[in-house]
Structures are given as structure tokens and as C-alpha cells.
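One structure, pasted below without further comment.
Chains here go by letter, A, B, C and D, matching the order in which they are written, and residues are numbered from 1 within each.
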Amino acid sequence: MANNENTDWARTWIGGATRDEIHVAGRDLPSEIMGKLTLTELAYLLVTKREPTPQQTALLDAVLVSLADHGLTPSALAARLTYTGAPEAIQGAVAAGLLGAGSVFLGPAGDTAQFLFDALHDVYGTPREDVGDWSNADDATLRTIAERAVDARRAAGARVPGLGHPVHKDVDPRTPRLYAIAEANGLLGPHLRLLAHVAAVNEDRSGKHLPVNGAGAGGAALVDLGLPPSSARGVVLIARTAGLVAHLVEEAEQPVGMPLWLEVEERSSEH
Amino acid sequence: MANNENTDWARTWIGGATRDEIHVAGRDLPSEIMGKLTLTELAYLLVTKREPTPQQTALLDAVLVSLADHGLTPSALAARLTYTGAPEAIQGAVAAGLLGAGSVFLGPAGDTAQFLFDALHDVYGTPREDVGDWSNADDATLRTIAERAVDARRAAGARVPGLGHPVHKDVDPRTPRLYAIAEANGLLGPHLRLLAHVAAVNEDRSGKHLPVNGAGAGGAALVDLGLPPSSARGVVLIARTAGLVAHLVEEAEQPVGMPLWLEVEERSSEH
Amino acid sequence: MANNENTDWARTWIGGATRDEIHVAGRDLPSEIMGKLTLTELAYLLVTKREPTPQQTALLDAVLVSLADHGLTPSALAARLTYTGAPEAIQGAVAAGLLGAGSVFLGPAGDTAQFLFDALHDVYGTPREDVGDWSNADDATLRTIAERAVDARRAAGARVPGLGHPVHKDVDPRTPRLYAIAEANGLLGPHLRLLAHVAAVNEDRSGKHLPVNGAGAGGAALVDLGLPPSSARGVVLIARTAGLVAHLVEEAEQPVGMPLWLEVEERSSEH
Amino acid sequence: MANNENTDWARTWIGGATRDEIHVAGRDLPSEIMGKLTLTELAYLLVTKREPTPQQTALLDAVLVSLADHGLTPSALAARLTYTGAPEAIQGAVAAGLLGAGSVFLGPAGDTAQFLFDALHDVYGTPREDVGDWSNADDATLRTIAERAVDARRAAGARVPGLGHPVHKDVDPRTPRLYAIAEANGLLGPHLRLLAHVAAVNEDRSGKHLPVNGAGAGGAALVDLGLPPSSARGVVLIARTAGLVAHLVEEAEQPVGMPLWLEVEERSSEH
């Protein structure tokens, strides 16, 4: 088996090690990455195989910090409750928190990224590099694309991703700020712009105001940054891990899990 | 129940949201964090409640990128194999990868942090802020502390944490580079310095060369940066999430999980 | 807050405890469940709110043992590799193994259950209890339902669930045995029967032989047993947990994770 | 590589498959396990490599059903909150629930098993098969062993495992019932008997009543059943998976996660 081509699967560009060396992203880790790249820059490099420009780093950091935490969310509570039962295995509590990043929370970043990418792709075809080929899309065209995409979703009885939030009914405070940061860095690309049209079209069609939410804006920004839309759902997990770790550091000092359980248990037994 | 003090548990400094606002780390997320802090800086702020200096950020980024990836490790393989079965739930594959960050891999960052902190604490007591009180420890004292701590471990038949690596037998290439970056930033503190003494004492006592490994050096640096030792095991997970996400983006294009399974299955059925 | 109706969410039929009592499924756990019900019977009771007949128990056990293990699958390997890094947290290794039970492996049990249920539901409406109302479906009708359902999937470019297996190309050895056990217990219901028609229709339409796989047959049997189709994906996890735990007990004595990693790492570094 | 002895790691007794066959526990799955063994019997076989007697099956089922559920525990809440965010990936919600089975909840089953096994082992040495060699231990000897073991723990400032429960202060209702079932099946072995002495000694020494809890009794019973103590922590997860799956089936109909989150979020924002 060692001599046939099947063994060829045992390779990766992400990283590797020999007795004396470690390489990550095709580079010597100690001399070419440590002290040279931030974690955010390395994440960009690992996912796109290119180093980010300072502007791209600024926007990526803005996306990541915008999605790192949102308080005592279901994810944060699940992580804290897991810590209650297994404080010695903090990796398990972090994992439990991440497992809630699905179709309802955080996952919409990825769904929005794919939805916008597909809508543009149907009209423009695949961009050769980043979103270069799509960046000249004018607003009238984007409006048309938005109408087509929203109508298709509505016809299928499916939700338009990236819109609405159970707490932020009028405006998600992360969204306008992210658009401003994108614009200030010259990175207000076709996906972010299309998403704004999508929200407007959706309101026209439904008569209901659903603001662009933070996950949706973040997902759009990630594709404008040149990340593959399929990576968006994973990339936002890097940010959320930071928030979850902070919750667990706090949980050790100021527990939420145990009193939450005892209160729910007491209420539950009244039934 | 709502009116008694028990409900007081429902609070956190990490983050929170109202209809119109989101605050993280006690600040307005859009205006005071987005566009202002990198993900690394936010992680530092969330865990220590202080903003890092540029030097602290530089060292923290160096720790994080040094531990983001190490190739097709058990963790990366577990994540990829999980993706094979559940490609639609990338959060599950990332979680599976993180779950292997225990006592053998990555977890030693936290064990080393705690071990060094406890050894210094026994001599100096609790530092009032950061490691300020310990920073003047001279090398002779650190050598004595290292001897005491190593001998105690050996007497208990326990391993000294932070030393040795199954692949990097002579030197872990991350370690000297991390010490150099710490020194260049004026942050070569008592934990990193003590760890070097620990490795020397351990070699003297056992007659066996075990280099300071990357996880151990990273854990020591985190405590020198002022992070609580109990947080070290969690903080390195932020970095590893970035590596795992990159593996999964690659896995979608260039699968390792499926051919690995088929080869193992075939070999297994020969028995 | 305690006095309004919102607190009503804090209740569950599954279980509860007071200082002196524990009730599960609305019964006194010590006197009415322990020593009275097997784990399989309790699982049936918890999911359907009814005790199973001996025949139902026999079929449910057959489904569960048929899906408990399939050797060194991606799930088993992920669990073992996770144990390599975190042997002290066995719950993490089991969790990592379960996380691979998605759309590709094991998850098809649930997809098949839902697919068959929906196909029957379109014709017969919702059954009042179990599958009673559907149980008289004759083979000609089931063939027609199968044609409609298969054609709809093929028209949508989607796979028909429950068919085909990467290893068992001709026949999945679990399938005929499960049908025989169902029949011997008088439980060869409309879902299992429909699935056989689905396989036949699919072969007619595509000209390709894809046998009913073990997960698909198991999913069909679960719905014939009266379990809600949405529960099938979860129920099979009970069985797989048993297999994963056994793999981890073995892993502690006879490691696969560490040598697998070292071999992959060595091969990987040759690139 | 295929030709050297290293490839020998790719084997397992648990299960395996070829094109036409599946074997589990060294047997033909369809003909020798399906329709022959219950899930509980298969679990016993997989962990011990022996088929259980009817008495052993009865006790193992009693242990498993006793630990399957305990209401809206931290684990059940974590699973439900994870479902809130990712209802499409039920395996993730189950995994999140299992991750809380650590040193505080459920894990004590394993800690107790190991503690009792080690205490007996120190006196009697390793049993040749099951606990045969230890089964004649008289009560005076067990009392002495209990005193030695409890005193050692207290001297080390460590908790005695298997005692006490935050809700069941006087008696854990599962415990006397499990002892009765063990006795009725002729399986009230040295571990269960030792644990009763441990509780009595602990009360004598501390002046505080801590009843044998359900996890502790379950862990003791598992070792008396001939399971390796190291397997106990894993085996109880099989039972808990059944409880968690039931919670998630209920969660889909009667949500706890979302209203719990919204209430905590609202309270949290009052600070």
C-alpha cells in the first residue's frame, strides 16, 4: 500500500513538522510567521493562501471582533453549563459552546456568504481572483440581482439569510459600523452592497422591516475579502472561541451554570 | 424567585445586548471595539480586563500563531474524519478537533502555566498585578525554585510539564524563537525564565535531554503576559481553532478523511 | 418574572428530581423503572411515551445492535484520536465520535425515516397512532408511492436516502436480517415495505444496483415501530455510543490513535 | 510502510466489515448478534469480551436506566441550548450534553469504580477473573479497607468519591434500589459492599451524613459486574445518551432553550 498512489492523501498545505522544523502555510513557522503575522493575518493566509493587505486585515479583524461575543447566548450558556459538570476539561466546554453555532446562530454568516456568492455567480460567473470581476457591478444591476434572489427564496418558502434578529429589531448595531469600516478600507465590495439591496427588496416585498444582522454582514464581508463562501461558517468560529474562553474564565470565578441549574430544577419540580 | 438575590447570577462582564446596543468587555462594541482592536487584543482584554500594550500584543500573537497548527496531528485528523461524516455541520468538526486538546496535546500549555505559577507563588506569594512582584527574581533564586519544583514532581513520580516532544527530540523550533520575541518586547518574565531553569534542572537530575516544548513555552509566556494560569489551557484553543478551520477548508477540496478510513478499513480486515 | 407565564418553559416530561424522589417518564424511577425496564425499553418509552410490546422491543434492539459498530469507521477513528490527546476526558472522545454521525454516516437513518414518512403522509395523511392507518397499504400502492418519491428526488438532482454503501456494494448484510426480524415479530410495516419498493424503483430508473443500507433499513424500522421520524437520527446515536465506548476501552490497551498519527505525519512530511 | 510491523496497529476486535460481511465482537453481526442480543447485552460483551448471564444483564440494565436521566440537569440544558442554535445537527446537541459528564456529574461513577477497585486491589491483588477472588471478603475486612481508603483521602485533602448529592441530601433514591436488585440477582459484590462501608466510615470520621449517590452505586455495580473500572466512566454515557436524545425530541415540540435564553438575556441586561 505504501508504494501505490493512494498514500498520496497524507499531505496538507496547512502545516507539518520534522524533527527540527515546523512549517505552516508553506513557511518556516519560527522565522517567517512568529513575530511577523498576527493570528488574524495567519487565519487569512491559511484560508486564502495569500497574505492580507493591511486594509484586509483591518476588515477581517472588525468582522471577527464583531462576532466574538453577544452575552449570555445559548452558546455561552451551554459552555458554562458544561463547565459546571466538567471543569477539568475546558476544551469540552468550549466545544459545547461551538456546537450551537448552527443554522440559527452564527451559521447564518456562512449561509449569507453562500447566498450572495451564488446570486452574483449566476450573473457574472466565477471571479478569477477574489471578487475582482464583480467589483464594478452597478447599483441597478445589484438591485435586479437582489430581486431575483429574494423572489426565488420567497417562492420556495425559504427565509432570506442574513436578515432579522430576535433582539435587534430595528438595526443590528454591528452592521452599519461594519459597512463603514469596509468603506474606509476600500473594501465595500459587491457582496456587502448586494446584501443591502437584498434587505431593501425583502422589505418591499414583505412589508416587514428586517435589518441586516451582524452575522449576515460579517459573512458578506468575508466573501468580499476573498475568502471562499464555504469557509465563512468556520472562520467566524475563531472569533466565537475567544468569547467562549472568556466566558469560561469568568465562570470559574463567578458561576452561572450551577445557580441556573438549581433555579430551573426547582421551577421544574413545581410542575 | 425574580425578586430574591439568587437571580443575581444572570450577569456577565463579557458581553450583553439590548434592542439597540451591544457591549463587550464593558464597552460599546461598534464604536469602541470594532475598528479599534484586533481579535488578539480583544482576547487579551476579555481575559485580563485590561487592554494590552503593543509589546504584549506582539508576544500574545507570537504565542497564538506558534500553536495554531502542527500539521496532520490527532486533532486535525479527528476534525477531518468528522467532516467526512458530517460535512454540513462544520462546527461539529471543529469541536471534534478541539476535544483532543487535553493532557497530552496543547493542554500542557495550561499545566505548565499552573506549575510555574505555583512554584513562584510558593516563594513570592500572589503578585498584586501581573507578575510585577516577581519580575526581579534573580537567576540563582529561580534555579533554587526550579530544583525544588522538579524534585517535588520527581518524588511524586509525576512528569515535569512543558518538556519533551515526540517529534522534536532535540529542540522544539518554536521555543527559542518565542524566548527571543519575549526578550525583544521586554517581556522575558519570571515564568519563561523559570521554565528554562526547569529544563536544565530536569536534565541534570534525569541525565536525559528534554527540550522545552512549544506548548510549555507558550503557557509560560501567557502567564508572563499577565493572564491567569487557569486561562492558558483555554486561550491556546483560540489559535488552534484557526488551524482546524483551515484544515477543514482544505479537506473540502482535498480529502484526507475518506481515503484514510478506506485504507485503515482495508488493513483492518486483513486481520 | 417568576409570576408570569413565561416561567412555564421550565418543565419536562423526561425526568425530574426532588430531595427524596426521582421520576423519569412520569414514573417513580426506583420502583417503576429500575428492575422493570431494560435500557432499550426505557428509550422507547422516553421517545414515544408508551411502553413497547415484547415484539417492539425485539425489533428495536435489533436495530440498535445492528448500528452499534462498523469497525474502524471515521467516527471510531476520530474518537480514538481524541483519546490520544485527552485520555482523561473520555466523554470528549465519545462526543468526537458522535459528531461524525451526520449526513454521510448514520444520519441517513433519520433522512430515510423522514423521506419514507413524508411519502406515505402525502398519500395517507397523518396516522392517528403509530402507523396503524397506513398498515394496510397494498404493494401496488406502495410501488406507486415509491415511483413518485424516487422520481421527485431524481428530478431535483437529489440522492434517494437509505440506498448504497461504500463497502457493501451488493447487499448490506444487516438489511435482509432486519427485514426478517421485523416480519417474525409482525412488524414489517409500511415504511420497511416502501423502502424495498424504493430500492427496486431506483434500480429500474437508474439501471444501477444500490442495496438498502443498514442505516436506511434501521430508520425505516424505527418509524414502523411508532417513533417519530424526527427522532430516528438521535435514537441511533444511543447504539453508536455503545460501540464508541468499546473502542475507547480497547484504545487504552491497544492504541490505534498514536501509531496512526505517527505514520500519517511521517508520510505527510515526505511531500 | 505497508510491509513493516507498524501497520499492525490497524486492527480492532470491536468490529469490522468486508464487502459481504460485518462482524462485531468477533461474531457475524446479522446471524449471531441481531435478534440474539439486546443493546445492553452487546455493550457488556463489547467491554468484557464475555456474554452476560441473565442476572448480569438485569443488574447492568438497572444501572443504565438509573443513570439515563435526572431532569433538566446542566447536561440536558446544554443539549437543549445547543439544539436551539443548531437544530439540524442533533448529533452536536447530544455531544454537547455528554461533554458535561465530567468530574462533577456522572464522571463520579468512574471515579468511584476506580477508588473501590484500587482499595480492594491493595489488599487482595488483581482478581483473575471478574471479582471472583475478592468475593469472599468478610465485613470486618471490608470495614478495615474502607477505613484505610477514607483516611488516605482525607489526609490528602481529597473528596471521597461516590458520596453526597446537591439535591438528594438524605438518601439518593436510586441507591437502595440498586443494592436490592444486585442482591436479588446474587451480584452484591465486594465493590458495592465496600462502598456501603466507605459511606459509614466517612460519616464516622466527618460527623456529616453523605449518602451513597446514584453515580457511585452505579460505578460500584459495574465493577462487581466484571467491567474494568476504567470503563465505568464511558459505559454510563450509553445510558445518558438515551436521556439526552429524549430531551431533544421533546425540545423540538416544547422548547426550553429559547425561552431560557431570552429570560437570562433580559435579566442580564438589567445589570
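Observations, loosely collected:
In this section, contacts are C-beta pairs under 8 Å (C-beta built on N, C-alpha and C of every residue); 3 or more make two chains touch, one makes a residue touch a chain.
Everything quoted here is computed from the prediction, not taken from an experiment.
Across A-D and C-D, the chain pair carrying more C-beta contacts is C-D. The mean-CA centres of chain A and chain C are about 31 angstrom from one another, to the nearest whole unit.
Remark: chain A and chain D have CA centroids separated by 38 Å (rounded to whole angstrom).
The distance from the centre of chain C to the centre of chain D, each centre being the mean of the chain's C-alpha atoms, comes to 23 Å.
Multi-chain contact residues, meaning those touching two or more other chains, occur in chain D at positions 1-2, 7, 10, 12, 16-18, 71-72, 86, 88-89, 91-92, 95-96, 99-102, 106-107, 167, 260, 264-265, 267-269. Taken together, the touching pairs cover every possible pairing of the chains.
Interface of chain B with chain D (complex): residues 7, 10-12, 16-18, 86, 88-89, 91-92, 95, 99, 264-265, 267-269, 271. Contact residues of chain C toward chain D in the complex are 1, 6-7, 9-10, 12-22, 24, 29-31, 33-35, 37-40, 42-43, 46-47, 57-58, 61-62, 64-66, 68-72, 76, 89-92, 94-96, 98-102, 106-107, 110, 167-171, 173-174, 176-178, 180-181, 184, 214, 228, 230-231, 233-235, 237-239, 241-243, 245-250, 252, 254-256, 259-260, 263, 266-267. Interface residues of chain A, counted against chain D in their complex, comprise 1-3, 7, 71-75, 77-78, 81-82, 84-89, 92-93, 95-96, 99-107, 166-167, 257-258, 260-262, 264-265, 268-269.
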